[in-house]
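Pasting a structure here, questions to come.
All chains are identified by letter, namely A, B, C, D, E, F, G and H, in their written order; residue positions are counted from 1 within each chain.
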Amino acid sequence: MKSSFVRDVLERLRRGEISVEEALEELRDFPFLDLEHTKLDTLRELRKGIPEIIYGEGKSLEELLEILRPLRARGEDVLVTRVRREIGEVLKTDLKEGVYDSIARCFYLKEDFSIKGKGTVLVVSAGTSDRSVAEEAYVTSVFLGNQTERLYDVGIAGIHRLTAHKDLLKKARVIICVAGMEGALPSIIAGVVSVPVLGVPTSCGYGASFSGLAALLTMLNSCSTLAVFNIDNGFGAAYFATLINRL
Amino acid sequence: MKSSFVRDVLERLRRGEISVEEALEELRDFPFLDLEHTKLDTLRELRKGIPEIIYGEGKSLEELLEILRPLRARGEDVLVTRVRREIGEVLKTDLKEGVYDSIARCFYLKEDFSIKGKGTVLVVSAGTSDRSVAEEAYVTSVFLGNQTERLYDVGIAGIHRLTAHKDLLKKARVIICVAGMEGALPSIIAGVVSVPVLGVPTSCGYGASFSGLAALLTMLNSCSTLAVFNIDNGFGAAYFATLINRL
Amino acid sequence: MKSSFVRDVLERLRRGEISVEEALEELRDFPFLDLEHTKLDTLRELRKGIPEIIYGEGKSLEELLEILRPLRARGEDVLVTRVRREIGEVLKTDLKEGVYDSIARCFYLKEDFSIKGKGTVLVVSAGTSDRSVAEEAYVTSVFLGNQTERLYDVGIAGIHRLTAHKDLLKKARVIICVAGMEGALPSIIAGVVSVPVLGVPTSCGYGASFSGLAALLTMLNSCSTLAVFNIDNGFGAAYFATLINRL
Amino acid sequence: MKSSFVRDVLERLRRGEISVEEALEELRDFPFLDLEHTKLDTLRELRKGIPEIIYGEGKSLEELLEILRPLRARGEDVLVTRVRREIGEVLKTDLKEGVYDSIARCFYLKEDFSIKGKGTVLVVSAGTSDRSVAEEAYVTSVFLGNQTERLYDVGIAGIHRLTAHKDLLKKARVIICVAGMEGALPSIIAGVVSVPVLGVPTSCGYGASFSGLAALLTMLNSCSTLAVFNIDNGFGAAYFATLINRL
Amino acid sequence: MKSSFVRDVLERLRRGEISVEEALEELRDFPFLDLEHTKLDTLRELRKGIPEIIYGEGKSLEELLEILRPLRARGEDVLVTRVRREIGEVLKTDLKEGVYDSIARCFYLKEDFSIKGKGTVLVVSAGTSDRSVAEEAYVTSVFLGNQTERLYDVGIAGIHRLTAHKDLLKKARVIICVAGMEGALPSIIAGVVSVPVLGVPTSCGYGASFSGLAALLTMLNSCSTLAVFNIDNGFGAAYFATLINRL
Amino acid sequence: MKSSFVRDVLERLRRGEISVEEALEELRDFPFLDLEHTKLDTLRELRKGIPEIIYGEGKSLEELLEILRPLRARGEDVLVTRVRREIGEVLKTDLKEGVYDSIARCFYLKEDFSIKGKGTVLVVSAGTSDRSVAEEAYVTSVFLGNQTERLYDVGIAGIHRLTAHKDLLKKARVIICVAGMEGALPSIIAGVVSVPVLGVPTSCGYGASFSGLAALLTMLNSCSTLAVFNIDNGFGAAYFATLINRL
Amino acid sequence: MKSSFVRDVLERLRRGEISVEEALEELRDFPFLDLEHTKLDTLRELRKGIPEIIYGEGKSLEELLEILRPLRARGEDVLVTRVRREIGEVLKTDLKEGVYDSIARCFYLKEDFSIKGKGTVLVVSAGTSDRSVAEEAYVTSVFLGNQTERLYDVGIAGIHRLTAHKDLLKKARVIICVAGMEGALPSIIAGVVSVPVLGVPTSCGYGASFSGLAALLTMLNSCSTLAVFNIDNGFGAAYFATLINRL
Amino acid sequence: MKSSFVRDVLERLRRGEISVEEALEELRDFPFLDLEHTKLDTLRELRKGIPEIIYGEGKSLEELLEILRPLRARGEDVLVTRVRREIGEVLKTDLKEGVYDSIARCFYLKEDFSIKGKGTVLVVSAGTSDRSVAEEAYVTSVFLGNQTERLYDVGIAGIHRLTAHKDLLKKARVIICVAGMEGALPSIIAGVVSVPVLGVPTSCGYGASFSGLAALLTMLNSCSTLAVFNIDNGFGAAYFATLINRL
């Protein structure tokens, strides 16, 4: 079965099953799904080569279902991030082929499990408390078709542990490094590898961590150049890693 | 002539001109150049595949010459960023094969002009005032062996201009987008291309731009995912683009 | 019935139904309604031509009823913003001709539906999460007698969508644009229209959005000049749009 | 002579002096003036009905002359803001029909003095130190074709002075109010008039004024709704006042 | 009965009822009440002429009772600020002569109602939402023996209301002015009176009020000089007003 | 000769030398001195009982002379604060009866040296670097007719020094305490006296003093209640001390 | 029984009970306990001489038990900080030899009560509200083998109390001083002792204490040099005091 | 010869050369040197065992000479920090036995070179730009009688370099680690040693380093506990290291 409605239309056109006019007709209905509150942009896949992703924060169960049902009906893959457990449980009941990951707080419908990235994306995290953000990155990276590995709990106070996992670091084509509090781990990793390292500060910490600001500033000022993402934005880093990994 | 001393040692070893012991001996002297104030890490090239780059801010002319002369003597390529005009002019006089770019505020010695990146790096800037940072990115990208193009003065108030340069955008393998004030241009570009976009906020602006903070926050919160770098860090973005472009 | 007590007094005077002395007598009682905790300024309408609006945040049900009942008794239109659902539901029960909008969090009593603004106010929002603030602006704008239209979910990642709604943009005399996260949409709209654009940053977002600070700074630094309002202040923008629209 | 090249082309077309093809040909050269560093967008006038305005901060004398000479050659009106005295004096010598205002720090070429706004724009300032920003607003407003009046030095400590100038306040169709330090004056004025008030915080003050932040926050939190602009952005407020005044 | 144990000891000494040695003995036990967690400084009254005041935030019911019971046993007046309703209700039951004011969030035991200040303290508040802080100031001022008056809900948008209460303003020897959001009211009052005005910013507001920061900065930058207190510190202003009023 | 024109007019009226009509005539000219850029409010003295004070920051020599000459001509006392040395020296030459204090950066014309405050104002400073702000407070306090004393260089690291000056502390009716860096001295003083203490944070310090922010926050959070003024606002504290000292 | 597994292995080796190979074998299993989510670094004790400490914030009961059970099984001492009461109560039930301190929010297993520090660590706190942080420091200091004393509730408003406890201050080899709000106490103590003073700001306070920022800045700017720790980091200060006390 | 006047008085007393009364007499003159602007606390040495140190920032040449001359006359050691080169050169000419270090920006008079600390203080710096702050720490540590070593230019991007200097790290009793930009080096060092590490953030860096704020926050949030000092406070760290090293 096909993962994407738009691709399906285009391939039917290529196989001669529909005319250009018919293709245009089918596509013309899609730029905006005129739900009351959300206009899905199904043409985005064409432009970016990446399936639909929904930011779930602040959306009600009803709103999410209204968005997800037509996507499932057309057989499209979709990922919803920032889904609270109460909502995730219900989505899983309603859309049975869906998966809800309560640590990553992600819900997804996925049928196409082919690997599309060229190499491995490695997700590294500094401490136990950063796990939720790291998992959001991991789930997103897998969803977007990357071979993905994890290396968790590699805090700066135990840098020597990195040596025990040199092979994982060497194997990676892109590294996502998630860290809260002081946020220095991505710098250290970028100092010993020669592939792009994406730093994700987390809001873990207290006091002068100022909800992730300390880690964010650390990464922005890193001497061993990092690409920095918003605090807790595991999704964004995985999305960006995918863009790199498909090059 | 060769661009790197370390590579030279290794190749002589491979060609049988020196023994392993002799190679080790030559390399052993290099991890730290025991100048009074600066220990150059010549092994870094081995680890990262990238020639020496010096952060010139706050370094005196004497310190820079002390660093640059032995590098030139060994025929190594080297880039110095953040070099004020007074110092740059003198460096150019002293090290005649060197180039000083007063807009990018960069000085470099370069003999190896081979292209090492796989595609084109495109440097886009939003306004005239961002040119210095954009040029730092451009000079660095060229220095690091990338095919590099420029597209300047594409402010958000004139987004339609982007259409006039669609081909440049499509041709790029990585895009560096430099913007001050509101800093929204990288978001817009990332919304219409499918390659990685690196956002560099600049300190251009006044009042509530808070020396680049506004542009930095805009990029970190972008809906169309960007990799963000420190304010005015044109060098960092070009370095990172190089890591991607060599994948 | 008339929408305003003060206007009513003045018109009765003009028609000769009361003497100047009687008018003064009726008005003299009104400058301050001597409730224990709130002194309503009924003369404000005279000065500003705009009916009573109450900021509901932090006011108890009892306080609101104490304010609303005399206003209703005199047949005046009144809008209460920032009304939590629990309170809104009770107000609707107690004051049956009132309307409570749970998304906009507004309660209002309105009898005069005449259009007083000269053109159309258009409320644009960037994302689903901004809807509550956008609705506050919409409800306020309608309440204040403007012909008002909505265009929601026009995120910066999908700027091309604007073209699908060019007619709405062209028809507007004033545009209110509500956006959280990076907050760049108002800039883009102001770059393509020639009417005043009012930017309302929202507290939507996470991490480095710092509860709307990022969007606020983006709008203040916009190259395509915007009028900026407080974070989440949908009401303020609609009020200001009304002042413009009555010119 | 006419103030705008583009309008001129279009009118010649209307009068039958050139063909559509010729008009297109003439216009095709204009979207981007391919100077090395600045691409002027001459089509902007068409979209916004407002002549060219250049942000002079950080631009060298050479860059400004390179931009201004072709505009003058085509007889277009142009305003350059944020021009330091040293540069302004030279510009005035080089472009003799130009005017340099050293308090407003503005240089302009203007031939079309017709009034295009419907009413009066009033510029109010709180203290002597705010004069430069107020004058930037005044010069811009006059340049853009508004009947413009000034009322300076009306600090909050002397609110009663407002009464002495009631007529000026009543006559205005839009009011720009410039204030540093505590920044409360715009609130007070907006509390007594019924036309739109645009608040411009200035960087005047010391200590906890934090270079205008205090005044900016005061205006954003005003109870008597204001439209707020960036710190020291007298130009922006005048530009926005013009959009309102042309409605 | 007397309000203060220390004063009582001293007066018995003056009346010859006890010897100096006995007085010293009685006082020696008092500098530190050796409760496990709180050492009350009963000598403070001697130094400052002001009865005991307890900051109730974060203290448990048990801790408060342990502090209050011995004070009551010795007949001392005591005020506890920042007492949540749940705790206040129980305190009132346990210490029957005590009063709990749920708006001011204060609990107090008071037997000495003599007026000790020379003039009237006036508490002014800008809006309904500032009432809790204003009441804390009012209750504290009364507790500390000042003739105290209130003037509430005098927002900046309705400055003309001040004229209706000129007599109250003129009668005051010290004015405490409580205001959130923009926080401009104290400036305006200080501009029209010639007695000291104490400004108390409140955390009322939203968005860019940043929990009272905006009002705090406004007051610190006021042109008509104010004494400024911490955000929501109604108690501190009343305490300070008392020091002035006793001069 | 008398220090104030307005008082003079009123006294001539009282003595029967002029009629009410003539007095009104003379006063009518005064509310606003219609200089191009500054409107002095000579009625302010009537309202506040305090002579004219000019904030000199950012005013040119010409502007200051234009303000000062008519004041001198009418024999009024005047104080100008924040006067740079270059300007101060010239003022002293031009207006020979004036005094310029280069540490306090104040210029003043004063003929009336009568003491108007009831007690002594004491100015305390924490360190050598705070001297300029402390002197501004001292000069202002003397100018406004207070008996004024100084106690400088009483840093928190040498608190025991306070004991050596107990008599000065006890003698004061109001204390102004100036401190930079950590800013804790005012708290300590307020803990041992029973008169009002006015805290003035200074911008002295480096690093995390953030130009006085640290000292400002310390004072706002003081447990021994302080009245706080803007950073470096020695003038404001002395003005406020005067209001208290005249009660 | 022994407190540490690693030490036990090493001592068995020294006593000839195991061979080097066997020791290596036993140790080889330990660098990483391969739990799904946490890799304990048991070699850390070897490097730092300090038993295992777990940061409990954000860890679930299950995760904590998974970490604690093997540690207990090997007879190792362990301290868990930031344990909420609900979790602490269950841990105490499950691991009976453990202690849960609800004020310090710490849980620990400890069998080795020998004193390892050379002198006394004194924990001083400024106010009742700082007790939780002070107790975290106290419990940690005792756990790490220091003779530890407490001196609580010594606020800056009652500095004279310090004299009553001079002996405690003189006896200490290291002093930890915990203070919120203005945070000036550590400065004052460091001004009168000659041993290292460690300052711990707390988040106690309201308004402009900005959750401990004020106290943090006060300590960083202290004239009487302090070592500063993160807001509320009682544990860190006690850990650091231990490093000093073992010298 | 004697290093300190106070110690000299006390020793003459011990040797019977003066009576207690004479000693008291000599000391009584010293608590405050009644210079116009600075009161030196010569008793401080008694309390803290550390010679006089003067903070030179903002002090004029005249003021410094007025302070230094009597200290030299009494043969006391003295260190002046933050001395600009212009002033330092003159001091060296005037006080010939003095030393001026232009990198550390320190001037000192020192005759007693005995070592008073028990072990070695090691000063580590991350980059060339941090050298001035590191040298201030080094000069201060030597001045205060510590055996002191340096290890400069050990950036986080070259962590492996630390291994080349293991012996220096192991030999130290206290380590001062100076770092700007991301500021992560102190964390890493504290992760591999078991002695106290004092972190000094520097203002080196640009953009989001916010003049040292980034490095400060990194250190405060470090997982491997650090004692943190003010930005650029090399002196403070060396002073604190001395307190530890004398234990």
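Please note the rule applied: a residue touches a chain if its C-beta (ideal position, glycine included) is under 8 Å from a C-beta of that chain, and two chains touch if they have at least 3 such contacts.
All values derive from a computational prediction rather than experimental measurement.
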Path length in steps (a step moves to a chain that is touched) from chain D to chain G: 2
Reference chain A; chain at largest CA-centroid distance: F
Self-contact between copies chain F and chain H, residue sets same or different by half: different
Which listed pair, B-C, D-F or F-G, duplicates the contacts of F-H in over half of its pairs: D-F
Distance from chain F to chain E - Cα centre to Cα centre, in angstrom: 29
Between chain A and chain F, centroid-to-centroid distance (C-alpha), Å: 61
Separation of mean Cα positions, chain H and chain B [Å, integer]: 38
Chain A, residues touching no fewer than two other chains: 127, 157-158, 192, 207-209, 213, 216, 220-221, 230-231
Chain pairs that touch, as defined at the top of this document: A-B, A-C, A-G, A-H, B-C, B-D, B-H, C-D, C-E, D-E, D-F, E-F, E-G, F-G, F-H, G-H
Contacting residues of chain C [partner chain E, same complex]: 31-32, 37-39, 41, 44, 55, 57-59, 63, 201, 203, 211-213, 216, 230-233
Chain A residues within the chain G interface of the complex: 127-129, 131, 152-153, 157-158, 161, 164, 204, 206-209
Chain B partner contacts - residues on chain C that touch it in the complex: 127, 155-160, 181-184, 187-188, 190-192, 205, 207-210, 213-215, 217-224
Chain C - residues contacting chain D, complex: 47-50, 118-119, 173, 192, 194-196, 198, 216, 220-221, 225-231, 236, 239-240, 243-244, 247
